[in-house]
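Each chain gets a letter, A, B, C, D and E, in the order it is written, and its residues are counted from 1.
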């Protein structure tokens, strides 16, 4: 039987992908989708170098797409098969195509920081004496540098190339006041809802998910958020490239991306999807808030170029 | 009748011995061990109970999560894969570690330090780093295959040694060898070699002296090491993920994904419970088997 | 025929410490040789070298004329009773005793039979299913004994195999050992610290001191003609009187260091002035009367009651002289009593004063 | 003069003993240990060399990566943090594990099995799962603080027990206790308690019999366990990452980030090298200290 | 005054196996009591219970009138020489011996002095810096001995403390032990399998068999008036002739099971027909001539040469009779020779035929 191997991030996201995309794909094409969790650039790199590539389609950070191009890790997409006219130019290239949009946003607990105390901007987050309550931030440079710059008054559209010195200077102001520098994303919704912290950066879907299932009083500030996009690529030397193209094309369909967004609150990349959803649903998606101009878009190319340096600088800054 | 008395004597006196040791040290030791025991109670039992209770408590008592696991054949398959992988890795590790630990006993002090260093150094090396090294060595165009095809021409087509079960086993065994050797050596080098010598002088060839005397005397070390290795090998997730093929998914990987992507406490706890029960059963079977072979050997 | 066992200038050092020095010994086939010597004199070390568990620092050991210095222990067909027993702690008594038979591929039923009979001989048949840790010291020793003898080895080495046994059991075991040894013709090297045992069991006794052989001879010879004062004192007990030989008008006499002069009779060539030691065995001394011309007057200092025998310590001038008399049930002499000691001239031996 | 002889005898005979054991078993054991030794050479040395060579080979010999580490004071700080954390965790683990292992020796078989189970069960539990459990217990509004403030009212303000060094140490100790106890127990229960009894009868109180006899006799176990624990604790990255604060960064975390984020083999290998050298130095110091106390104690 | 040590109906079982049964014994202050008994008779077990390392299964033990059945070992102030030495393997010889002093907070210099002197007494001063594993068996035993005596405990328990030593060293150590014991007045309980040692050192000897006391008495009494045939054979050696008493016209005589009739003289009240055992010590038998009216004719079967003594096995009809004669240097009797055995009537004892 024909197969195609899809490497994703596992967990609930992949469960949703299975429901929305893979089952339908199997039904429609008869090609079986084997989904494996734990997609990571190092393993892809090792596989490509070894010539024994296990995966046909990989779900990966936008930043890695650029890095992979430099290291010649990807197959060229067969644009004829992939098509997907609704996907904007800036979110596709010869080797990969954007698939899902996440909102990197500020989230807070309304019970603890509601009403007048509710933060509206990163400046509010930085203003510890004004908007009191323990804060959490991700322990790493990605997104945090951007937030720091916005807190310091930089507009979302003017972020790139990042003024790194200014960002760290801004971070210095809050360094000792953040009570938890967290490392694991799933930690945070729990920390927020249990009141360990009042506010933190987070991704929208996780917050919306826990609000829906646990009915906790958490709120998202879309303003000054960042949109990031996960891409789909085909590792070079994949065993089923043709099927891979078919799957990518399938996963880029506006109707399915809309369905996926409804299930997960992870935004569609295909612009045609938005209109397929209700206004209420649209309000939950980063794609919409990005379009409204509330949010900025993460510059994956910049990060691909500077990630290593930023990590090192972050490490040094931490220990200072 | 005589036999019965003697037999009872044996059984009873085994019991007696532990009671004896007990009593003669008890008053002395009590104050020494109290902090440890209190710590145990607080630090081990409480988190454990909290954690495991999550598997059947979610706003009320529920078997939902277990039902989820049992209902999905894929989870059961994962249980089976995990168990098989752990047992194979443990067996491979013990088979390799045991001779090395024996060799350590016989080697001179300089040689011993050298080997110890060789064994332990990789152990300090980060597991990720090691996995990538293994990939470089084992992959289709890796060192081993290149050597076998190009240099010796022993084989035509490269052997698949990674991204499959053998790959995982190589990685796991490599990881597990140092602790196994360390434990085996620590315990084995207490064995009184004069007793092995006695066996030799009574006509046992080296291999029979080994089999009938040294091996049984080293059972405590084997048991401790097997136990530790088995436990460790049930918990791997990095190695199967990196060196394994598509099907080499373990419970630990599952838990890992569950917790890094979405904190589903309850489901994660339920999987933990399954892993735990599985391990308990495994250890039970192991001891059962062990006591049987032992019982069978005694005249 | 080659000797069953031959030590050829064997020595063994632990660092600077020499435990065995220039040890040379021939043991003929079927002979029973005992190593006797004070604690730490190198007996166990010699056995261990013969059994193959220690490499000599120098010299050669051969068995049946074949150099075995480098041979593996299990190829020597030697039965060994260790001083510390070295029982297998994880095997029952029966399994311990059956072990050498099992190693020789004896049939199971035969093993069971021979083990049972061996255990009966050491009176441990009821303990067959116990583990060594559940036995008393003497019982453990008997298991070691049974284990070494059950396979009737060509050579049997025993390091104080009866040391933990009471007299009766010990005598019984001595008889048993001798019987098997004779019947099967096992060449035996035996270590004991019990000189009576050595005397009664051995064809030859090797007396060791500080890692060296002092004298190797049959028991009676060792007793009657000790080479020096050390041997005399070590084998049996002896009154040793250091002194020198004096010649006075043709008649030789012995002058002790304490000044006592004892006339010498019937003694062959003894150089005048030679430093010697005179030896008289306590049991060769009788209580005479003042009328005996050769009687030495002495005062009883202490009386030691020993069951079969009574041991008197007496003092003749400066010289202490011990006397052993059979406890004939009569009233013993009392401390302070003056006695007259007499002995046969032939029992007054002159030997070397110093050991090797 | 006499003393000198005796002393030399001691030294020489120690040497002698190992040589002895050597010789009497060597012919027997050689064939048994060969596979292990060959395996060691191939499986340990080769990957290690490949890996470590990456640290100074990148399309030509280079010290670039080491220079990078040394140039940045922050990496040196990480070295120090890692070392301190490992030593503290090892000390805490050993201090808790030792009494527990003693207690296991004295306990009856049923009690022993029960405690063993208690100890080992958390060990089977995934490390992520455990970290989350610890967070739930230790955090500001966690179980312990709630208990202390609301239930007993012992303290006013919650104690900071997590997202800092204590939190990391609690997590690491919890993780390290089971293997430490297992090794200590396996080795200690070979100690001949009659010898401890002899000390008692010679007038030693329980604590002094422990200190002067049991403790020295259990040194091999302590040494093996400390070694293993230290090695394990140098390699942690999940626990410091989840339970530590901003500054609780370890070399392993660094390597982990390096490998997952930027796939920089060379730099990762160089950091591995540093970790390795550090551990070697640490172990060297430990043995130095050990041999000194030992030497000092002997009259 | 309370007895220094008192066992009160103490017993000890290992499962179904009773190792010590109804053991009752009083040891007065300063007394030297020896436990003598065959291997496995419960001697070590009794000592271990007194030292506090085994809990009795029943009964009570008191020291100085104080019940110590539940007292911790280190509170009993008992010096103990273990049968297996139990030296500290990680300490040098000097540290081993100094240990009890250190535990008693003796000053360092004083410890060094006393250790040196104790090691000199056991001739191990040059080995002070060795470890136990580097010593011979006998040397290890002497370290154990020095360690138990160096702190002059109130009670000293010794389990075969001289078992691995040769005769000379052994005698020297016996003297040393006795001296310290007397000087310091240490109450001593001593286990040995050497009956001569027991006889010469003890105030009282306790003979044990199968976990029970057969007879407890001073040495001479034990030898001269054994309670039964077991004791007689265990202490010294004895010809035991089972049989019964017959009265014929007022004159009583003893009829052995093998049919030999031996006239009884000067014997008090013996019931006629009582099953008894007659005891004659081999050393109380002399070779007479056929003319002696009471002489029993016998044939020499074997001759065992034993240094000081010669042991003859003779046969009178069906009855085997052993004779021990002093080796006076004359020619011994030969196997096959017919001899006439005579003894004093007082040396012909009638005792119980069966043990407890």
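Structural remarks
Basically, a contact is a pair of C-beta atoms (placed from the backbone, for glycine too) under 8 Å apart; a residue touches a chain by one contact, two chains touch by 3 or more.
All of these numbers come straight from a predicted model, not from anything done at the bench.
Separation of chain A from chain C in touch steps, taking the shortest path, is 2.
Comparing the centres of all chains, each the average of its CA atoms, the largest separation from chain E belongs to A.
Chains joined by the most contact pairs: B-D.
Greatest centre-to-centre distance from chain C is found for A, with centres as Cα means. Here the CA centre of chain C is 55 Å from the CA centre of chain D. Between the Cα centres of chain A and chain B there is a gap of 39 Å.
Here the CA centre of chain A is 91 Å from the CA centre of chain E.
Centroids built from CA atoms put chain E at 22 Å from chain C. Annotation for chain C: residues touching 2 or more other chains are 14, 52-53, 72-73, 84, 134. Residue positions of chain A with contacts to 2 or more other chains are 42, 184, 187.
Looking at chain D, residues 5-6, 9-10, 13, 24, 27-28, 128, 132, 197, 200, 205-206, 209, 259-260 sit in touch with two or more other chains. Of all residues in chain B, those touching chain D in their complex are 18-19, 21-22, 24-29, 32-37, 39-40, 43-48, 50-51, 96-100, 102-103, 105-109, 115, 117-130, 132-134, 136-137, 143, 170, 174, 177-179, 182-183, 185-187, 189-190, 193, 196-197, 200, 205-207, 209-210, 220-221, 223-224, 227-228, 231, 234-235, 237, 252, 255-256, 259-260, 263, 265, 268-269, 272, 275-276, 279-280.
Here chain D touches chain E in the complex through residues 2-3, 5-7, 9-10, 13, 17, 192, 194-195, 197-206, 208-209, 212-213, 216-217, 298-299, going by the rule given at the top. Those residues of chain C whose C-beta lies close enough to touch chain B in the complex are 51-53, 72-74, 76-80, 82, 84, 86-92, 94-95, 98-100, 102-104, 125-131, 133-134, 147-148, 151. By the touch rule above, chain E contacts chain C in their complex via residues 14, 36-40, 44-45, 83-84, 134-139, 141-142, 159-160, 163-170, 193-196, 199-200, 219-220, 223-224, 233-237, 281, 283-284, 304-309, 324, 326-329, 344, 346-347.
By the touch criterion stated above, chain A contacts chain B in their complex at residues 5, 9-14, 34, 36-38, 42-43, 46-47, 49-52, 54, 184-187, 189-190, 206, 209.
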